[in-house]
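Structure first, then comments.
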């Protein structure tokens, strides 16, 4: 019986037709493509994207720079007397991230001791491409703080 | 590897209810112990008495310190008499302050169903001038890892069929996993295309972020270095 | 007399002989190539990408124009303005000649393929360029020339992958010429003529498409046709995962486009010949069933095109489904299965024909 | 069929005889899965010599390990086998935990197991996609990536990254599962076997697929062991060696699963074994999801010192990655950095068998063989 079946199988090409039917059914199935610039998938809540920095929360402890495995966070600060309170405060001179080399591992956020974190990646921003390599790939303090004025990915946009 | 005192998550044995579970206690840091009483060690000592310098165990890993010349013999004995039929790995390590400075570390495994699963480590010491007997005669799989050790440390293997560099190119100047090799890389261009480039010309390692002259690696965990000047 | 577009005046000026033997065929073939074949090919590429996309649960090209309808035009523009490189150590004349050798034969085949019935009035516009008595032979002969282009292109590129692709193409196409030619013998024997028009007329007379009595023959022709046009699962000469791009690895710009054009023209040619020989050419389905005669209002050329598109769809479907054969397996399939099967088919057909004629 | 690797005996047919030609196959070639270069000697299309040249993607990862504290090395491990980052993480943190003596809490163990098995599924999906497209079947590629996308979505929801996960820490995990994650994961695992049926419908019984794979590149069990081949390749040769079974790490001791093996050791068997492994992986994930609720709210990180310092000692810890045994050999010297951290890369060892497999076969088979060894050049070159 099996020999007979095997003989028939040689000519009937059932295996090939099975394959054709699978692809044929896919012809009428709903397509999976996401038309990117028009439709966007919402990133997950924990999605690690572009950095944001809040200078007021930041205590200038350098822990993020130390925790960074590839040392791309550059922090300079100085002490300054606050006239209003009469206390000395740390002021950030420089908070740069060399985004060209960043691998978005999130260890800087993990290392940040403030609550809530003063540097965080869960901004749902992933469109980091620019035409000029120095424009966005080397983020300085102003760009990192720009999230207040310029949320690159608003909640409405995600909901759309 | 047999169960060590600290082996990770072995089967998930629940801790007795009276005391705290293991993950809430301070970690038990493993220590080196002599393991001469291990049956495998005893058998090996008997078969090759002068080849084994010491037998130790750390975190459940059995480590044989082997005379350099007898490395292949020990591996062959382990393979034929004790069923260590799988070569896991051959790798090197560099201890610049020691004489001889290099370690060659071999991991062998015995497989079920014939034997219980076990990994043993063979270690031997050598320097740049002295080749180590190759394991390719015992395990053909030692071929590429040994080439890698040669590539990274400059340790030669005697009797290896193809003792050439594997990950780096022929003509690369230096052995990058030695401790004195600069992390920033070296100017390698001259060595590859010496007919085209002079000593200081040519493709330069690290040009992507700006080449720096070689200097010793900075201690990464040191906080004082991190704050200002980076 | 009923010739459109002021052709009547041209006929009067040039004289009947010159008009019917030179001007009219030339105009027809120009019209066929530039108004029918080339647009069909460019849109066939789009259709292939779209259908492949649908088979693979994605949408295919849809950015240039609505539903990507302008995509072929964009592709052609891109290929036209692209730099046309010739490798420095290539054999220049052969490198330049090869793509032409691929395209030309594929287009010439259409001169004998009837897309519509002959004109009912003498001197009228008939649905084919020319009808020669040895039409099928002509098709086989011309189709064989195409392989020279592939070999030449592969060899002249001075690239090992190209050379291997060219050699594979040569071996494969020559091997599959044989079963393909033999598969055509079956319908020829039934029709008793080699004229393409004659074969379609014979199918009308026999009241049946030849695919039904000649099923094996049809099957062999299909498989050999896929192999002949280097399409999946027989796309060995340009198997991109093995030979990078096979014989056209070094080609770029318009020369590459010509190879591309040749492949698709070949696909259409093979489908058109199959339609003519096995699916009754321009005839409507079931030409013998009287109550389907309202279907006759649809012109024959439309029926023909529909049948060709079914073939082309199957080609694309195959491409979207099957893995690729290996070189030696392809040869074994051709010589050990196709050829004996084709011969047996001829033998059986001949016996039945003799028995029926008794 | 008389040569040991299943290649046709050269003396049996006179199709290819003549001069040898050298062919540099790669490093830029569609079928070499990256930057592998093979110097081939071919007679016609028959391969008579195959010499792999690797190192085009060498980044000095082992040197980098020596420069960073233990926890900072986890993102570097992502980048070795970049399509199976979770298992790399797992092997590395396992080795560190063994060196430092940490015990992982059960909830972390279950989640780690789930992540590792999902990663195995996604890695095998990439393998299947590329293997099929190498043999000319285009469509499975898209079907596989459709499902892989769902796995990557799960990873994204868990740790925020899709490919280079950095999802484990020595001692446990950085995050607990987000709400609803377990349900999404369960839904995926319940749908997934039907999808495997779909791939198998396209390939397993297909006569062209079978002719391209059955009997091609036979690796005998002895040769496989001799060459240090592990993982699905070893199991396809008939040796049912799986680290998850022989030394159950994480939660593998608490779940039921089979170790699929095959007997012939050819390309088709390797395909069958990997397909069966994907089915087993879904079972493991489902069982772990069943075990999870009992540990709800439990710790996910062991008690550990603020700065992990490796004691003077050395450990080797290997786990069963999607491609084979991935192990880390770590030497500690009492500082927060590993003194030496060596990777045992499965792709590197498996690739070593390629010359053995390819000899005597045709160039077209070589492509199938590269696919069936399932290498990732990021891991071969490190």
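Each chain carries a letter (A, B, C and D) given by its place in the written order, and its residues are counted from 1.
In the analysis below, a residue touches a chain if its C-beta (ideal position, glycine included) is under 8 Å from a C-beta of that chain, and two chains touch if they have at least 3 such contacts.
What you see is a predicted model; the values in this text were computed from it and never measured.
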item	value
Closest chain to global C-alpha mean, per-chain Cα centroids	D
Per Cα centroids, the chain farthest from chain A	C
Interface ranked first by C-beta contact pairs	B-D
Chain C and chain D, separation of their C-alpha mean positions in angstrom	45
Centre-of-Cα separation between chain C and chain A, whole angstrom	51
Distance between chain centroids, defined by C-alpha means - chain A, chain B (Å)	36
Distance from chain D to chain B - Cα centre to Cα centre, in angstrom	22
Two or more partner chains touched - positions in chain B	220-221
Two or more partner chains touched - positions in chain D	68, 72, 139, 143, 146, 202-203, 206, 208
Two or more partner chains touched - positions in chain C	55-58, 320-322
Partner chain D, residues of chain A touching it in the complex	13, 15-16, 18-19, 22-23, 26, 32, 43-48, 67-69, 103-107, 110, 121-122
Contact set on chain C toward chain D in their complex	52, 55-58, 160-161, 164, 232-233, 235-236, 239-244, 319-329
Of chain D, residues touching chain A in the complex	68, 71-76, 78-79, 139, 143, 146, 149, 153, 156-161, 164, 166, 174-175, 178, 198, 201-203, 205-208
Chain A residues touching chain C - in the complex, by the definition given at the top	16, 19-20, 22-24, 26-27, 29-33, 35
Complex interface listing, chain B residues touching chain D	1, 4-12, 21-32, 58-61, 63, 85-89, 91, 93-94, 105, 107, 111-113, 117, 119, 121, 139-145, 148, 152, 165-169, 176-177, 181, 183, 217, 220-221
